[in-house]
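Labels run A, B, C, D, E, F, G and H following the written order; every chain starts at residue 1.
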Amino acid sequence: GDFARIDHHRRLRTGFPEVIWGPGKTPDQIAQIMIAMRDRGSVVMATRIEPEVYAKLQEKVPDLYYYAMARICAITPPNFPSGGDPGGVGGVISILSAGTADLPVAEEAAVTAELSGFRVHRLWDVGVAGIHRLLNNRHVVESADVLIVVAGMEGALPSVVAGLADCPVIAVPTSIGYGASFGGLAPLLTMLNSCAAGVGVVNIDNGFGAAVLAGQILRAAHKLHLSQSSD
Amino acid sequence: GDFARIDHHRRLRTGFPEVIWGPGKTPDQIAQIMIAMRDRGSVVMATRIEPEVYAKLQEKVPDLYYYAMARICAITPPNFPSGGDPGGVGGVISILSAGTADLPVAEEAAVTAELSGFRVHRLWDVGVAGIHRLLNNRHVVESADVLIVVAGMEGALPSVVAGLADCPVIAVPTSIGYGASFGGLAPLLTMLNSCAAGVGVVNIDNGFGAAVLAGQILRAAHKLHLSQSSD
Amino acid sequence: GDFARIDHHRRLRTGFPEVIWGPGKTPDQIAQIMIAMRDRGSVVMATRIEPEVYAKLQEKVPDLYYYAMARICAITPPNFPSGGDPGGVGGVISILSAGTADLPVAEEAAVTAELSGFRVHRLWDVGVAGIHRLLNNRHVVESADVLIVVAGMEGALPSVVAGLADCPVIAVPTSIGYGASFGGLAPLLTMLNSCAAGVGVVNIDNGFGAAVLAGQILRAAHKLHLSQSSD
Amino acid sequence: GDFARIDHHRRLRTGFPEVIWGPGKTPDQIAQIMIAMRDRGSVVMATRIEPEVYAKLQEKVPDLYYYAMARICAITPPNFPSGGDPGGVGGVISILSAGTADLPVAEEAAVTAELSGFRVHRLWDVGVAGIHRLLNNRHVVESADVLIVVAGMEGALPSVVAGLADCPVIAVPTSIGYGASFGGLAPLLTMLNSCAAGVGVVNIDNGFGAAVLAGQILRAAHKLHLSQSSD
Amino acid sequence: GDFARIDHHRRLRTGFPEVIWGPGKTPDQIAQIMIAMRDRGSVVMATRIEPEVYAKLQEKVPDLYYYAMARICAITPPNFPSGGDPGGVGGVISILSAGTADLPVAEEAAVTAELSGFRVHRLWDVGVAGIHRLLNNRHVVESADVLIVVAGMEGALPSVVAGLADCPVIAVPTSIGYGASFGGLAPLLTMLNSCAAGVGVVNIDNGFGAAVLAGQILRAAHKLHLSQSSD
Amino acid sequence: GDFARIDHHRRLRTGFPEVIWGPGKTPDQIAQIMIAMRDRGSVVMATRIEPEVYAKLQEKVPDLYYYAMARICAITPPNFPSGGDPGGVGGVISILSAGTADLPVAEEAAVTAELSGFRVHRLWDVGVAGIHRLLNNRHVVESADVLIVVAGMEGALPSVVAGLADCPVIAVPTSIGYGASFGGLAPLLTMLNSCAAGVGVVNIDNGFGAAVLAGQILRAAHKLHLSQSSD
Amino acid sequence: GDFARIDHHRRLRTGFPEVIWGPGKTPDQIAQIMIAMRDRGSVVMATRIEPEVYAKLQEKVPDLYYYAMARICAITPPNFPSGGDPGGVGGVISILSAGTADLPVAEEAAVTAELSGFRVHRLWDVGVAGIHRLLNNRHVVESADVLIVVAGMEGALPSVVAGLADCPVIAVPTSIGYGASFGGLAPLLTMLNSCAAGVGVVNIDNGFGAAVLAGQILRAAHKLHLSQSSD
Amino acid sequence: GDFARIDHHRRLRTGFPEVIWGPGKTPDQIAQIMIAMRDRGSVVMATRIEPEVYAKLQEKVPDLYYYAMARICAITPPNFPSGGDPGGVGGVISILSAGTADLPVAEEAAVTAELSGFRVHRLWDVGVAGIHRLLNNRHVVESADVLIVVAGMEGALPSVVAGLADCPVIAVPTSIGYGASFGGLAPLLTMLNSCAAGVGVVNIDNGFGAAVLAGQILRAAHKLHLSQSSD
């Protein structure tokens, strides 16, 4: 339909394909966009899909897979290097979450990264209230290529991690919390004010955006590697 | 003057004397209140006194001492147990600060506590960006009777401390920071949303209030001790 | 599951066991964490459990008790000193609420304290609109060991109480109110700006955190008593 | 000048003359408006006049009087019933302030009321941190015709007063405070959420508006009295 | 039950009986409080009662009447001067609303006033977008004893009314609007910043509080009339 | 310098030349940009220039004129149709202000419009507190081609004007006010929530932007006129 | 009913008829207003009508048409120039949307404009993440008479468009987004701070108001054309 | 002094040395920390140093250099690879600014990066109001290794850039703007809500943090290159 102007060249331009953001679209609109993208051979992926919406989509796009915890729907093209390496880009995206309730956001990041062809290392429930849980996994932090740190409530984990890590840290505040969390405002402000430098922040609950940024970092590394190797 | 109705019985009622809050009062008003209080034999103490105001006060109240870093003025009555023990109350108030810029607030807490007769242990500049600075002083945290933790920027220190401490933790957000700190809102929200329980929060920059609360905790302990000893 | 990294040593470290926070977790996840904790002999307790969630939990954890008003689920181990004294710690936690609608939060505090082994004194519906209700119970305030004051709407009760009390005051703002309450922001700001010193504030509706802080205060008293008695 | 369109009939229409609000106007503009009003025989009054501005005004309008604490300038016409009764309107406006630092706002209310011809009763520094100060003056509250209650910090005083008073209560939040006061937002929200009904709130620091509203209330009473007496 | 401490003397103290605020209470709690109040012979009245709650209350308190538009439930005692004059207090409360959607709040004010024994004059849908609707009813404004002005969206009506009225104006912002109304924040700020003086503001959607304040104003007038008549 | 990339073609593209926004630039940078623009024959104009900055600019750009009330500096090229008609565009921009203190913003709009070649009609101090001032000038509103309405405090004027006007209305909130004005947030929200449709809002204090929008409207009219005349 | 005071003359006064805003009105009230307006021969139109409400309205007003995407209900009088030209007013309203999810708001603008008799050009899904989508349609922007630009998320589209357009730009922020969008606050602030001048902003999701403003602009053009043609 | 606990190992741990943040520290404290760091052979660097503070520092630390536009002070150790390559790390950090007034922040980023040994490419004043300025420099964006995009006002530039770039984008909101910019809140929210993915946001005006993050990205690339080359 003319209600959507799909950005088919985004992958060429930016390295990542356009991804459908589910909220505010009717299941019908989502299905039409998916079909148009599949017919062009793109990776087809939609975020923020509730189970009820998935049920309706499946009727129109039967080959659709649903990652329930991550609330992501996807069709992967046949020859897609799943969980593999997009064009030989190396490195691993390490993802930490502070609490169990942050998992939907952490999994949105993890599944987005995997569907984009990156390898992922998951480390869940290492929030600062029991700092030994993080310190016991210090090697994960110290040896990471790039880190995504997901936290709700007061969102203190990225500051502590960035003080230990020797790599870029992407901080994702979540809306997990209540009262003076104000829908995730509290951890968002925490992360923006981090006294440890080298932290890039994305929107509240934006696991998707964190994964794309982490992927861009590994791709940048790969491009520099290619150019340096050829020097 | 009739512009002030001094609460001379506050010490009897709540254990702590009334303290003059400087802002919004003319030096003249402050001096008059100080003289009235001194004449009743109270401890005389005023907070948030800038050096210029102190200079004017000193002319009218010559026996006034100025704690410059803490911005506190005080006259201590002759027989006051300075830095000692108010009526035999035991215990120490341990005060941690995250950064050097938080010192005026941390010192407001420390001097208030000392002028109220409590012993104080200071530990400055142990913020989470270099968590080893805190972990190297873990014994201070683990053996404390009551802790005051002062932090600006993202204010993550009290959460980490409360996860390690076996005593009440009082968190003081400071207005140190910029941009999305919004005058201390960021660390305030951080501390209110702490995923570690057992943290009581006071107003932004309120070192004074934190010291009074810490003192109340030690006094409560002392009263319970007396009643239990007499059982 | 590896989605949760239970902090089994928290009791040893901080005096209080880890407690499960219900929101954002599936009933299945909650049940798995409960079973893992029970198998280690811990107190098992979860907050913010709605009746529907309790119904599902009960199927998997049959020996679970539900405190409906407090929205708390718990299994107490056989030899637990219920409503008693944790290891001989003395003192009583006195809890005041301003209005009837604040009861779920006030009961969250009361039940948490009782399940942690403390004695509790409840005084409900003594808000400032009819100050005689508080003044008639002045002895409760004046003889308290530690006070928790729960209030919504404008949240003025803790200021008045702290002006009368000779012990630490923990203030809990609630989301009870409408319009310019902004979900509890109004009483939160009120309590943070209290002109009576010695007030520690916790998050909006955080009865749980208030109880842990009150418990820490009584435990601190007990430890000081032990050390002073042995002097 | 044509920069101002003076509302000469406002007194006829609403009972109160137009009053000049100082901020944002040049001293020159203020003086021109004052002269135009005086020439029409109006009461001339300007609020929020800093001492430096008064100094400049005095050069152009020599018969100007300055109420320094209230930051008000005025010329009263010769036959004006100062501190008296505007056209026989009875009653007294009772004004309470919570702290000493609230005096500029409380005096703005008092002087405005007096310049408008009303009798005023002042009661300063009776904030809730020492509730006995208010209770000792309970008769002032109980016998008032109309009450203005001025408070900064947490602004709890109007709620307590409205629970005791049998007359309309006008609440004035002040910007006195710091940190989470957010320039007077805290007491403003407190007063709007008062659990005691019958409280009308005006803008932060708006002593002037409170006095006009109180005056309107006494005038309404007078008009009803006249109409009832003539029945 | 001991969950509520009914303020039976509030009428004696403040002229208005305690009124039950529905939200946050179970139907059971509301019914118990109603029965206790009825047994003491008080007016029984509850606000913010949704139709479903009324249905449940009616089973337990059969003589309950429901004012659907105002969302108020009440039992009026047999000899109550309904719509009449409480103890001979004269005057009329004139209530204006800006739009049709503001009616629930405007009716909450009107019914509260009538149940408290005052006469009410209603004027609906005279918002400023068609100022002639107000100007055509100018006599209502000019001859009022006391005015309640209810408005949502931008809430400009009270400013215009206060510029025309020669009596106290009570402004009630409503949550009617969307987007940058932020739940009624926009009209609340409008009313607090009114450039016309003599406006007292109550909480967003607080028709009840406006009616109590208006009633207090008429009662104050009556008391002054009695004292002046006896002079 | 390479610190600025002047948009010399903006007039061709959008009908209006680039204008220098003063704040955050050093006088030196402003002067360099001015000289570069003058050398290209552009209209040279800078907004938000304080008197001290003008004094420094004048030394480097002697032919600079200063509109003190509007805080605008300009050099008009010799053949510029000052106060005239840009390329024969007809119509007048009518500008209303609510109060005297809003004049700097209203004059920023007026001078910007005049320097851009439009005719301007000024009507100052017609705020809603004395609605007759507006109604007496109703013909100005009813016969306008396009209206700019400037108001601070509660910002109600644009709503009333838009209900009377038969042309586009541009609303400019100002930062004039105090307390709950929050730097102009109050009138901004008022204007965005206007119950009268057909109102376009610009940033707080943005008289410049309002003038450009009004000019665009008259230019659009002119272009449509040309195309319709040639039909 | 007397609950509504229909502004039948608004069309005469402002060029646009009164339009019913659905939220907060019962279906019954909406139907009664519609019938009263139809009987006066007005265009009848209601916005923000959910499908369930439409179903109820249809029973009482059978000749009602529902524009589902725009959530608008209307009865057009028989001789209405649908999609045509109101009294010969020329020009086209060009409407751009940034994303597919913004369509309900963009269609509210489009249908309002068409029902008011204007011609509309739609261009959907040209957000800045793929700027080529806009640049490929540059002619639409450059040749427009007046532009409405609808965008959620960060709302950057109007700034880019206004830098390219030679006509007035009306910016409509939408509530599409999540987290730090805060219900549309983010794009609202973006649009108000646009560095490109000549942008008028309406309320979040206010497609209706944008259409009325765009219509006023074309009508102003028409009136100027008529007056210039007759010169 | 014991007021500071310098994190001498931060470079070893995270790749970047500790850097002194000036605000809130006395010149004396800053100088002491600088001397202690210099004596350990670290790079010595302080940000947010106003000219007056620099003047005082220079007296105590004579070999200090001041980057006036960037407000940075530094002593570089003799053998430091200035503007060179830290340990052979390749790549360039490309920095874009939207306007001239954003330069202090953009230079803070540039100088931090250069002092840390990275190569920098500057592109100033390419804001979206004249999109051709960016499009004319499209090659800079398309060939970048990592991008820092600095923008105030509405902060739309990073979204447009991220839609064109094939590398990580770091967005820095600035406090440049006025009114509804709310001290940089507007561009901060814009950047967090970017519809283009792959954008990491830092605090308002935090050029320093952006440079550290960009440096971490290039270092990560280098480490991956080393490990891949050795495979």
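Please note the rule applied: contacts are C-beta pairs under 8 Å (C-beta built on N, C-alpha and C of every residue); 3 or more make two chains touch, one makes a residue touch a chain.
Quantities reported herein were computed from a predicted structural model and do not represent experimental measurements.
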Chain whose average C-alpha position is farthest from chain D's own: A
F-G compared against D-F, more contacting pairs: F-G
Centroid spacing, where centroids are CA-atom means, of chain D and chain G in whole angstrom: 45
Where chain B and chain D are represented by their mean Cα positions, the distance between them in whole Å: 36
Multi-partner residues of chain C (at least 2 other chains): 10, 129-130, 162-164, 179-182, 185, 188, 192-194, 196, 203-204
Contact pairs between chains, per stated definition: A-B, A-C, A-G, A-H, B-C, B-D, B-H, C-D, C-E, D-E, D-F, E-F, E-G, F-G, F-H, G-H
Chain D residues touching chain E - in the complex, by the definition given at the top: 10, 13-16, 19, 90-91, 145-146, 162-170, 188, 192-194, 196-204, 208-209, 212-213, 215-225, 227-229
Contacting residues of chain E [partner chain G, same complex]: 99-103, 124-126, 129-130, 132-133, 152, 176, 178-182
Residues of chain F defined as touching chain H within the complex: 2-5, 7, 9-10, 13, 18, 21, 23-25, 29, 33, 173, 175, 183-185, 188, 203-206
List of chain F residues in touch with chain E within their complex: 98-99, 127-131, 135, 153-156, 159-160, 162-164, 177, 179-182, 185-187, 189-196
